[in-house]
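Shared between the two complexes below is chain A, which has chain B as its partner in the first and chain C in the second.
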Partner chain A sequence: MNLADGVQLVSFLVLAAMMIGAALGVVLLSNIVYSAFLLGLVFISMSGMYILLNAGFVAAAQILIYVGAVNVLILFGIMLVNKREDFVPIKNAWVNQVATAVVCLGLFALLSTMVLATPWAISSATPIGDMAIVEIGKHFFSDYLLPFELASVLLLMAMIGAIVLARRDYLPDELLTSERRDEPSALTLPERPRELISSNKK
Partner chain B sequence: MQLQYFLLLAAALFCIGIYGLVTSRNAIRVLMSIELLLNSVNLNLMAFSNFLDPQGIRGQVFTVFVITIAAAEAAVGLAIVLSIYRNRDTVDMEQFNLLKW
Partner chain C sequence: MCCSSPWEKPDNGILFEKASEKTSYELSSQPPSLLSSANNMSPGIDLQASFIELLEGFGLTHGVAKAVWLPLPMVIIVGAVTVLALVSTWLERKVSAAAQQRIGPEYMGPLGMLVPVADVAKLLFKENMVPAKTDPLLFSLAPLLVFIPVFLSFLIVPFGQNLVITDLNIGVFLWISLSSIAPIGLLMAGYSSNNKYSLLGGLRAAAQSISYEIPLALSVLAVVMMSNSLSTIDIVNQQADAGILSWNVWRQPIGFLIFWIAALAECERMPFDLPEAEEELVAGYQTEYSAVKFMLFYAGSYANLVLSALLVAVLYLGGWEFPIPVSLLASWLGVSETTPWLQVITGTLGIVMTLFKAYLLLFIAILLRWTVPRVRIDQLLDLGWKFLLPVSLVNLLLTAGLKLAFPVAFGG
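Entry: the complex of A and B
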């Protein structure tokens, strides 16, 4: 083991510890804001893993898209839904959690057995490193052209769908002026009064 | 560095994600668990791309696609959570049972 291997191993161990710890924090912590920031830590350490795997471009894309967009989006979601509510405890919740933990540990045992038992066909060619951008561009515009174009259509569909799902329904103007003239209008958005479906009907 | 280390790490992250997906009661935490799952799959793809196909790097191409899908999924998922929150006034997964019974 030469020096470069040692550095790689140590950085892998550090990144793996960060990632597992932060992921456990995402799942187990009770405060959801802490969970969101720890999710950012998971994304950043995942980007470090990509650098260890000779993929600088995807590491940069991971930082930009996940930390810069998805994590910020989740934080905005938390702020919009920020409601301090204590969930009603359901009885025998621990049975649920223990069963899930057992299933997850079994799945992990199964996967690790598979990983360790399979004879992987490790290629001995040297990785192309920074030429990866050129190679990815060639793939995108030759043999993966159709999925690439479909991804753009899918992003457009997701954008329109998110707007349609999340926007509020506004009342038309004439209805507003005739019925709601007496209510205080400052600092309130003209919004259709929502009728809450009672959330605990039983 | 070996391929197996990365695969084991991805498997552990996947199991943590599954645990959070099933047990958490906050809808936004469910979305975060889905992001964990997608990231572990990405790590698998990148490890295979580096160790089994270092010249063609098709794994990186697939990872870029998965990142795209994950961004779209996060946006639509949060829109759905917001819409449900506006209608039911809660984010408790145990109470989202409109289609259940």
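Entry: the complex of A and C
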């Protein structure tokens, strides 16, 4: 084993340990902010894996999209939601946790047997490396055009949804306390009813 | 999994397997070059080869000589960047003093040039304290998350023709993706300080970074489209034909302005320094920080400013190129381009030009800071989303159209 192989092996091991450790942290920690930050670490180690696979562009895109956009938005969401609530401790919470653990372990076992049983077709071709950007571009506009366009439609839908949610009119607190104190509002924010704009309005 | 990567088939074990079967591109098998000649226009000085030859002259083997060389460029660049950031803090003091008709730092060294050194010494020896009720782990981690990506981004900045740590093929994209890590550090700083002003500052910083990253990336994309490459070396070489006339600033005037505005916003400079607006937020996300941790934020912000200025110089102002191409001057004087002394002069001129352009832009940034008032947060977000984003999209479309119409002038 020469130096390059050794470095590759060591970095793979370090990245794998980091990824698994951080992923376990995301699931197991009770502080949601820690979970969100650790999710960023998972994404970063994933991008390190891409670098080991000779896919520099995918690695950079992974950081830009998942760490820079998705994870920051998750953190934003967590930090902007300012709804303090005293949760009543649930009775027999361990049943819930045991059930979750069993389901997760089952899924893990299923996936690992799948991974081990599948005869993976390992290509002997050299990794494309530096030409990857050109190739990805070509695939986007030829045989992967439909998934690419569908993904953009999905993003458009998400954006419209976000705009609709963000433009709601909230009722001020004093109005709320006088009028609709009786309504249960654990998961809904008080919202002023809006008339829908109909398309055939004359 | 399903929507993460549309080009990757789920049943396909190896990434790009299909792609590499179909096409037979000539793969570059050589390792990434460290400060070595990356362009084939005029080779210039190959520092790596000469250094290794020199060491081999002392009786070292090739492998050992290369191992000695490997960390050198990185150490030099980290040192140089630190010095550049310190110089920019001195420049900030002097220019702000001039803008306010003061003298500014005067007694510490000639023209007060030792002020940054005194600053660093002070911050290093201060007590490194963590305020009560903060989250100590995140509190210490946050400055590093802001600091490291900035210094890592200098990997791709060419200071001269062959003076770049590595000529990555993803080039500027690396900078864009690395700069997107910083908001996480800012959010972390804001959250862990356990202070409402810090949290507000962190949230503002993150919102600002995210909003201005998009016009920034789009204006870079227009330049990349013209030079057909993400590599910073290729981008500069593409502007090298006719001296000052072929610089991208003439072909991308809108892109240049958008990039500069967005870069200022990314650096949280004055018209956009809402995250640390003193009158509203004390000092934003840095409120609780002191000593070394504060120094990391401070150095990070100035290094980021230098980085942005350098990248504007590289992307739009011809990088290390002299306004009149050196090869043209050499042919006028009847000197061969491979003459050693001419190569030394060219190399020196490259560094001087890069730094001159970068510091000119830095000077403009500092002057802007001391002349224009701060914008409001809603104005900031309006400018980013409702003005810069559409304009940069139009600019991209225009560039694509011009590239198809005039492939000679717009790099077809």
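In this section, the second predicted complex is superposed on the first by the 161 of 202 C-alpha atoms of A that agree within 3 Å, B and C clash if a C-alpha of one lies under 4 Å from a C-alpha of the other, contacts with A are read in each partner's own complex, and residues count from 1 in each chain.
Keep in mind that, in the parts below, a contact is a pair of C-beta atoms (placed from the backbone, for glycine too) under 8 Å apart; a residue touches a chain by one contact, two chains touch by 3 or more.
Here the structure is a predicted model, which is why all the values come from computation and not from measurement.
A.B. asks: Report for A:V67: first if it touches chain B alone, second if chain C alone, otherwise both or neither.
C.D. replies: Second partner only.
A.B. asks: Is chain A touched at more residues by chain B or by chain C?
C.D. replies: Ranking chain B and chain C by residues of chain A touched puts B first.
A.B. asks: Touching A:D130 in the superposition: chain B (first), chain C (second), both, neither?
C.D. replies: Only chain C; A:D130 stays clear of chain B.
A.B. asks: On the A-aligned overlay, A:A101 touches which partner chain: chain B = first, chain C = second, or both, or neither?
C.D. replies: First partner only, chain B.
A.B. asks: Have a look at where A:I90 lands relative to chain B and chain C in the superposition and call it first, second, both or neither.
C.D. replies: Touch partner of A:I90: chain B, not chain C.
A.B. asks: Looking at A:M159 after the superposition, I want to know if it touches chain B, chain C, both of them or none. Which is it: first, second, both, neither?
C.D. replies: Touch partner of A:M159: chain B, not chain C.
A.B. asks: Quick one: classify A:S35 as touching chain B (first), chain C (second), both or neither.
C.D. replies: first
A.B. asks: Have a look at where A:T113 lands relative to chain B and chain C in the superposition and call it first, second, both or neither.
C.D. replies: Neither: A:T113 stays clear of chain B and chain C.
A.B. asks: Check chain A for residues that touch chain B in one structure and chain C in the other, and list them.
C.D. replies: After superposing on chain A, chain A residues 53, 55, 57-58, 61, 69, 73, 76, 80, 120-123, 125-128, 132, 135-136, 139-140, 144, 147, 151, 154 contact both chain B and chain C.
A.B. asks: For the complex, give me every residue of chain B touching chain A.
C.D. replies: Of all residues in chain B, those touching chain A are 1, 3-9, 11-20, 22-29, 31-33, 35-36, 39, 42-43, 46-47, 49-58, 60-61, 63-65, 67-76, 78-83, 85-92, 94-95, 98.
A.B. asks: Please name which positions on chain A make contact with chain B in the complex.
C.D. replies: 5, 8-9, 12, 16, 19-20, 23-24, 26-27, 32, 35-36, 39, 42-43, 46, 49-50, 52-55, 57-58, 61-62, 65-66, 69-70, 73-74, 76-78, 80-81, 83, 85, 87-88, 90, 96-97, 100-101, 103-105, 107-108, 111-112, 115-116, 120-123, 125-128, 132, 135-136, 139-140, 144, 147, 151, 154-155, 157-159, 161-163, 165-166, 168, 194, 196-197, 199-200
A.B. asks: Looking at the complex, which residues from chain C come into contact with chain A?
C.D. replies: 3, 5-7, 12-17, 19-21, 23, 25, 27-28, 138, 168-170, 173-174, 176-178, 180-181, 183-184, 187-188, 190-191, 199, 203, 206-207, 210, 213, 230
A.B. asks: Considering the complex alone, what residue numbers of chain A touch chain C?
C.D. replies: It is residues 33, 37, 40, 53, 55-58, 60-61, 63-64, 67-69, 71-73, 75-76, 79-80, 120-123, 125-133, 135-136, 139-140, 144, 147-148, 151, 154 of chain A that touch chain C.
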